[in-house]
Structure formats: C-alpha cells, structure tokens
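Below is one structure, written out as structure tokens; the observations come after it.
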Amino acid sequence: MDPEAFLDMANQVIKLKMFPYFDIAHSLLCALAVREDLGAGAQAFSRKHPLSCWLSTMLVIFSGAMVANGLLGEPILAPLKNTPQLIVGTLTWYFVFYSPFDIGYKVGKFLPVKIVASAMKEIYRAKKVYDGVTHAAKLYPNAYIIMIIIGTMKGNGAGFVKLLERLIRGAWTPTAMEFMQPTFYTKASLVASIIFVLDKKTDLISAPHALVYFGIVIFFVYFKLSSILLGIHDPFVPFENLFCALFLGGIWDSLAKLMGRGQPKE
Amino acid sequence: MDPEAFLDMANQVIKLKMFPYFDIAHSLLCALAVREDLGAGAQAFSRKHPLSCWLSTMLVIFSGAMVANGLLGEPILAPLKNTPQLIVGTLTWYFVFYSPFDIGYKVGKFLPVKIVASAMKEIYRAKKVYDGVTHAAKLYPNAYIIMIIIGTMKGNGAGFVKLLERLIRGAWTPTAMEFMQPTFYTKASLVASIIFVLDKKTDLISAPHALVYFGIVIFFVYFKLSSILLGIHDPFVPFENLFCALFLGGIWDSLAKLMGRGQPKE
Amino acid sequence: MDPEAFLDMANQVIKLKMFPYFDIAHSLLCALAVREDLGAGAQAFSRKHPLSCWLSTMLVIFSGAMVANGLLGEPILAPLKNTPQLIVGTLTWYFVFYSPFDIGYKVGKFLPVKIVASAMKEIYRAKKVYDGVTHAAKLYPNAYIIMIIIGTMKGNGAGFVKLLERLIRGAWTPTAMEFMQPTFYTKASLVASIIFVLDKKTDLISAPHALVYFGIVIFFVYFKLSSILLGIHDPFVPFENLFCALFLGGIWDSLAKLMGRGQPKE
C-alpha cells in the first residue's frame, strides 16, 4: 500500500465524526451487554423494573465519561447534557428490550450486525482513550499516571461500573471487580493510553501522530474481530506471564522452593 | 374560593421561610425513619454505636443536597456548613434516640404530631424539588434530563442514600435499591420535577408560576395525608400499568403469547 | 527541660520536611497493613492479582487526601500527581510483596524498624490532620464540623477506605465499617482536629500554636508506642463510657430499668 495514501487514510480516521452512527453501535452493544448480563430473566426483569433497567443501561453507555468525571472532580451527570446522544441511547435501549416479537434483540445478535457494530465500537473506544489522555494531560501536564488511569477508564468504563450497574439492578457481586481479573479491553486501553502518553509527552515515538492513532484503531478492531470470529480472547497473556515471572516474584519463588526455604505460605 | 385570595395564598406559600420549623419537622421524621429502620434493636444500637447512629441520621437529613452535590461535582460536605440546620438535626436526633423514658420517640410517633410534621415535610419537599430543578437549570440550561434527575434526587434523597445509610450502620441490603421499586415519594418528586421543568422551559403550562408551585404542594400534602390516614399508598399504579402495557411490551407480549411464538423466555 | 529549648524544638517539628523519609515510613506501614489484611494467602494473592494488589495499596497510601478531596468536591485523583510520592509508594509496595526470599516483609516486621516507622507515621498523621483542618477552614471559615470531619478523614483515611480497599481486592465486608467501632486512630484524629479547630478559631487555647502542634505529635507518638510495646489499645474507653452514661441514655436507661417501666426493647 502506498504510504502517502496510508497516511491520508489515517488522517481521515482521526477526523471521523462519531455521532450518530458510532453512538448507535456503542449504545446497541451496551444494551445487549446489559441484557446478556441479566441472563434468562432479562425480559421479565425489563417488564417489572423498567426504570432500573433504563438507568443501568444509561450508566453503561455513559460509563467512561462518568467515571472519568467522577475521578477528576467534574460533574458526574455532565455527560447527560448531550441530549442527542441520550436520545440515541434511550431509543436503542427501547429497541433491544421492548421491540415487538423481540426483533431488536434478534437483530442485535445477528452476526453480521454484531461484527459491524463491534468494529465501530472499537474505533470509538480508541477515540475515547485518546480524548481521556488529552483531557487529563490538560489538567495535570506532568502526572503520567493520571493520564493513563483516565485513558483506561474512558476506554473500558463499562468494566469499572459493572458493580454499580448490577447494584442498580439489585444484584451485588463484589468478586466481579475488574481490577481482579482485568479483561482484554482494560488491558488494551491501558496499553493504548501508555502509547498515547509516550507519543504526546516524549520523543520516543517518531511516527506521525495520525499513524500512531491509526495503529491503535487497527489493533483494537483486529483483536475484537479475532475474538468474535476466532475465539482468541487475550493476546496479552504470554507477555503477562513473562513479566510476572521476571518481576513479580515468579522466578524467586521457584528458587526459594528449590532451596526448600522461604516457601510462601499459601 | 375567591381566585384572587387563592393566588395570594399561593404567593405566600412560595415565600414561606423553612428555618427552623420545617427543618425541625423534616429532621424529626428522618430520625424516626432511621429508628424504625433499625427495628427492635434500635435502642440497643444507639447505645452501642452512637457515632454511626448520628452519622447515618445526618446523612438522611442532608441526603438530598448531598446526593445532588455529588452528582453535580460540588462539595458533598457543603450542606453541613449550614450550622443552625446541623444543630437542629443533632438536637432532634438526640431527642428521638436518647431522651429520658423515650419521650422523644413517643412524642414523634403520636399521630397528631406525625400528621403535622408530615404535612410540613411535604411542603419542604416541594421546595427542595423546585430548588433542585432551578439549580440544575442554571448549570445546564438545555439538559432537561439533568434537571429532572436533580429535582427527583433532592425531593427524595433519603430513598437514594438508603444503601449507604444502612452501610454506615453496618448493614448491607443490595436489593433495597430505590430504582428497583421506586417509592411513591420518588415518583411524586419525578412528576413534580417534570412539571417544574415544563413550567420553566416551555409555554405548555399557562398558569402563573405561583399556582403551579402551590398545586404541587397541595398534591404532595394531600397524598401524604391520605397515605397516613386512609392507607392509600400509591395513586400512580394504574397509570404505570397502562403505560407499561402500551409502551413497555405488555400488549406485544400478550399478542406474542396468543400467537404461540416469540414467547419471552422467563 | 528549658521552656525556651522546648519551644525551639516545637518550632522545628512544625517545619519538618515529610518527603522522602516520612513518606517511606508511611508507605511501608500501609503496604504491611494491606499484606496483613490479606492474611495467610497474601503472597499467593499478590502473584495472581498484582494490579488489584497495587491499586489497593495505593488507595491506602493516598486514602486521606483522596477521601478529603472526594468530600470537598476536588479531584479524587489529584494526590497521584505527586509523582515522587507515587514512586516511593510503588517501590515500597514492591519491596514488601515481591522482594526475593520475602526480605522486604521480614524487614518491615522487624520490631525496631516497625517502631521507628510507626513513630514517623504518627508525626506525619499529626501534620495531615493539621493540613486537613487548615484546608477546610480556608474553604468554609465558619463550618467547624466540616473542618473536624476533614481533619479526621485525613488523619485516618485508611480506616475510611477499608471497605473500598477490600472491594478492590474482591472482598466485601460491610460490617467492618469504621463508624461502627471507630479505632483509636480515628478517635485520636478526631480529638486532634477539635483541638486544632479550637486553637485556630477561638481564644480558648492560649498556648503558642507550635506548642499545641507539638503536644498533638507527642500524644500520637506516645500512644502508638505504648500500643506496640505495652498493648494499651484505647485510652479513650473510660472517657467514652462516662460520656455515654451521662449523655447517651446510660443513666436514664438504668433508672427506667429500676422503675420497671420504659424498659428499652432489645
């Protein structure tokens, strides 16, 4: 592929307008996720507790921005002032939960629809991570860790509000804490945040900014599609295992075991 | 009744001073609610954990303002800077929990006292809903949903902090989530918020503002008294059922059942 | 001791630089507390969930500032912008959890190290309480209760985030609420906050400010050391019992019992 054309394409991607199509895709997948999370009783629940159902879906849709605002001392409700986005979210929620003969849900679960929506959601995610890092960098120009945290939270907000979202629906699952077993989305958002921070704040990455952004988008979309189509769920696992063995005690623990002392109490 | 005099009265109500009598009534009912919530072990608990008891009562008394502040990015503790209100709250709490021979509790439970206090609390509630809507409208002039949420939260703050309030007392009841089974107060505050927003932001309501406000006050007081005296707990139920049948799947579900397909899995 | 020299020493203490030695002592004790809280499975947990382990340790280290910020409507993440402090915290965490042959943990548990670190942490605590009171006094010059709350929260932040800290590690213990059975640290911070408020806002305390501060430091250190060395855990208990008997129903309850009526239902 011609590098000139490639850079052009990257510049296109970076300027992509999100509203309304990407918002629809994002809201659709969020509503589907809430419905899946409710399990077999989802329809009965949506009839008995519509308010709780609507609120938890809105929380998931706006989770990234709300969590980031909460952590940065900005109004948690502020994301809701975007009325068009709120209407799109509500219509999608209605479509997934209450459409006659459950058409909405079936359409959403239809593989081609799901693939397109997922790809769009990943493009949106990359933008959110980037926006989060940029926003945090404006507030705290030297606090790399805050940029990374905000980028990660905006990228996978749904993971971090899972406990609260379920609590709104009256279910409490303290062991489902995202930090315990971070999902692939959290890890990918974390890596993307780190790359954006390096790109913004250091000279380590010499590629043009549009290319870095485009690379992250491709990385997100590629792994999402391979997760849906091929069932590869977490390409980070081998790196993590290596890191844990080297730095988080793995090797020393084995050594201690071999030497028959300093054995960790378990 | 003479319309002129009626409008005069409405104008009086809108300018009613809340401190101290309405604050006393509100605090009294809040402290009684905390004590009722503690059940049979209330007195023993208040002796063993006075700090936790005081804190949870204060949380209930200031709940509306604290929740609204938290959601709007304002200091959660700010309502406590109103020292006279805090002293009234503390004295009422002391009166209900620790007065000799339990006089405070018995006085608070005495029906005429309860009726007067409840009516005053409802007048206060109307003011809080109105203040909440006005405050949110100043911050986000076009975000109707934020105005409605803040109005509702200020109107029935105690409902939304129930989980936290109990947690301060060491009890955790995740299924008592207000959004699951909204109480009448939440629904009434919601309706009042919507009416205030319509009155403020549109031309749909042509009545003078004082009359609208007065109407809400009468509506709140009337239903509170009928709830205490006649046992009517939720006049919204028939409307909700109609709405659910029409829009939230009721009719379609029945149709699907009749046609023997598209049956919701339950 | 010469009063002049004593005042000189007090003035030295008030100007003591906290970074880095006091931060190291504080972080070390926080990491040890997290490890103790994890119990026998601590090492296995730190290998399986390093992210959750790191996050909960950072939450404990920065708890006071984060809780105070959250309550005052300031950014919760802001304390993390202090990069050197974050690095010290991370290194200490690594040292306690992952050092080869568990040296870090063993060093931290070694009595002389623990005594010195504890004494330093108490000096730090006094400074935090003072800073909290001062900060709140700037925001709300007349709200004594807010100053006291913020002082207490900054003094014993770890106690107030215990529930959240454990939740990050996937454990939920609603009955471990600090307000139910406040620890000595909470009570001491509360008393220190009240003294600082009196010193700042009234003329009741005529001693020079440096002496008041120094007195609090000595009080904190003295009781911490007597707790470690002599096992005296809570010198406040007799005063509390007296206060409860006089004001929180104790005497009246006994009287009611004697008179055989008004008996509290338990």
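When the chains are written out, they are named A, B and C in that same order, and each has its own residue count from 1.
The definition used in the following text is that a residue touches a chain if its C-beta (ideal position, glycine included) is under 8 Å from a C-beta of that chain, and two chains touch if they have at least 3 such contacts.
Please read these numbers as outputs of a predicted model, since none were measured by experiment.
Peer 1: Looking only at residue numbers at the chain A/chain B interface, is the share used by both copies over half or under half? Answer same or different.
Peer 2: Homomeric contact, different residues on each side for the most part.
Peer 1: What is the size of the turn, to the nearest 5°, that moves the C-alpha atoms of chain B onto the matching ones in chain C?
Peer 2: Roughly 120 degrees of rotation.
Peer 1: Roughly how far is chain A from chain B, going centre to centre by Cα mean, in whole Å?
Peer 2: Inter-chain centre distance comes to 36 Å.
Peer 1: In chain B, what residues contact two or more other chains?
Peer 2: In chain B, 73-74, 172 touch at least two other chains.
Peer 1: Flag every residue of chain B that touches chain A in the complex, lowest number first.
Peer 2: Residues in contact with chain A: 70-74, 139-140, 142-146, 149-150, 163, 172, 174-175, 177, 179-182, 244, 247-250, 252-253, 255-256, 261-262, 264-266.
Peer 1: Across the complex, what residues on chain B touch chain C?
Peer 2: So the residues of chain B touching chain C come out as 40-41, 43-44, 46-47, 49-52, 55, 69, 73-78, 80-81, 83, 86, 97-98, 100-102, 167-172.
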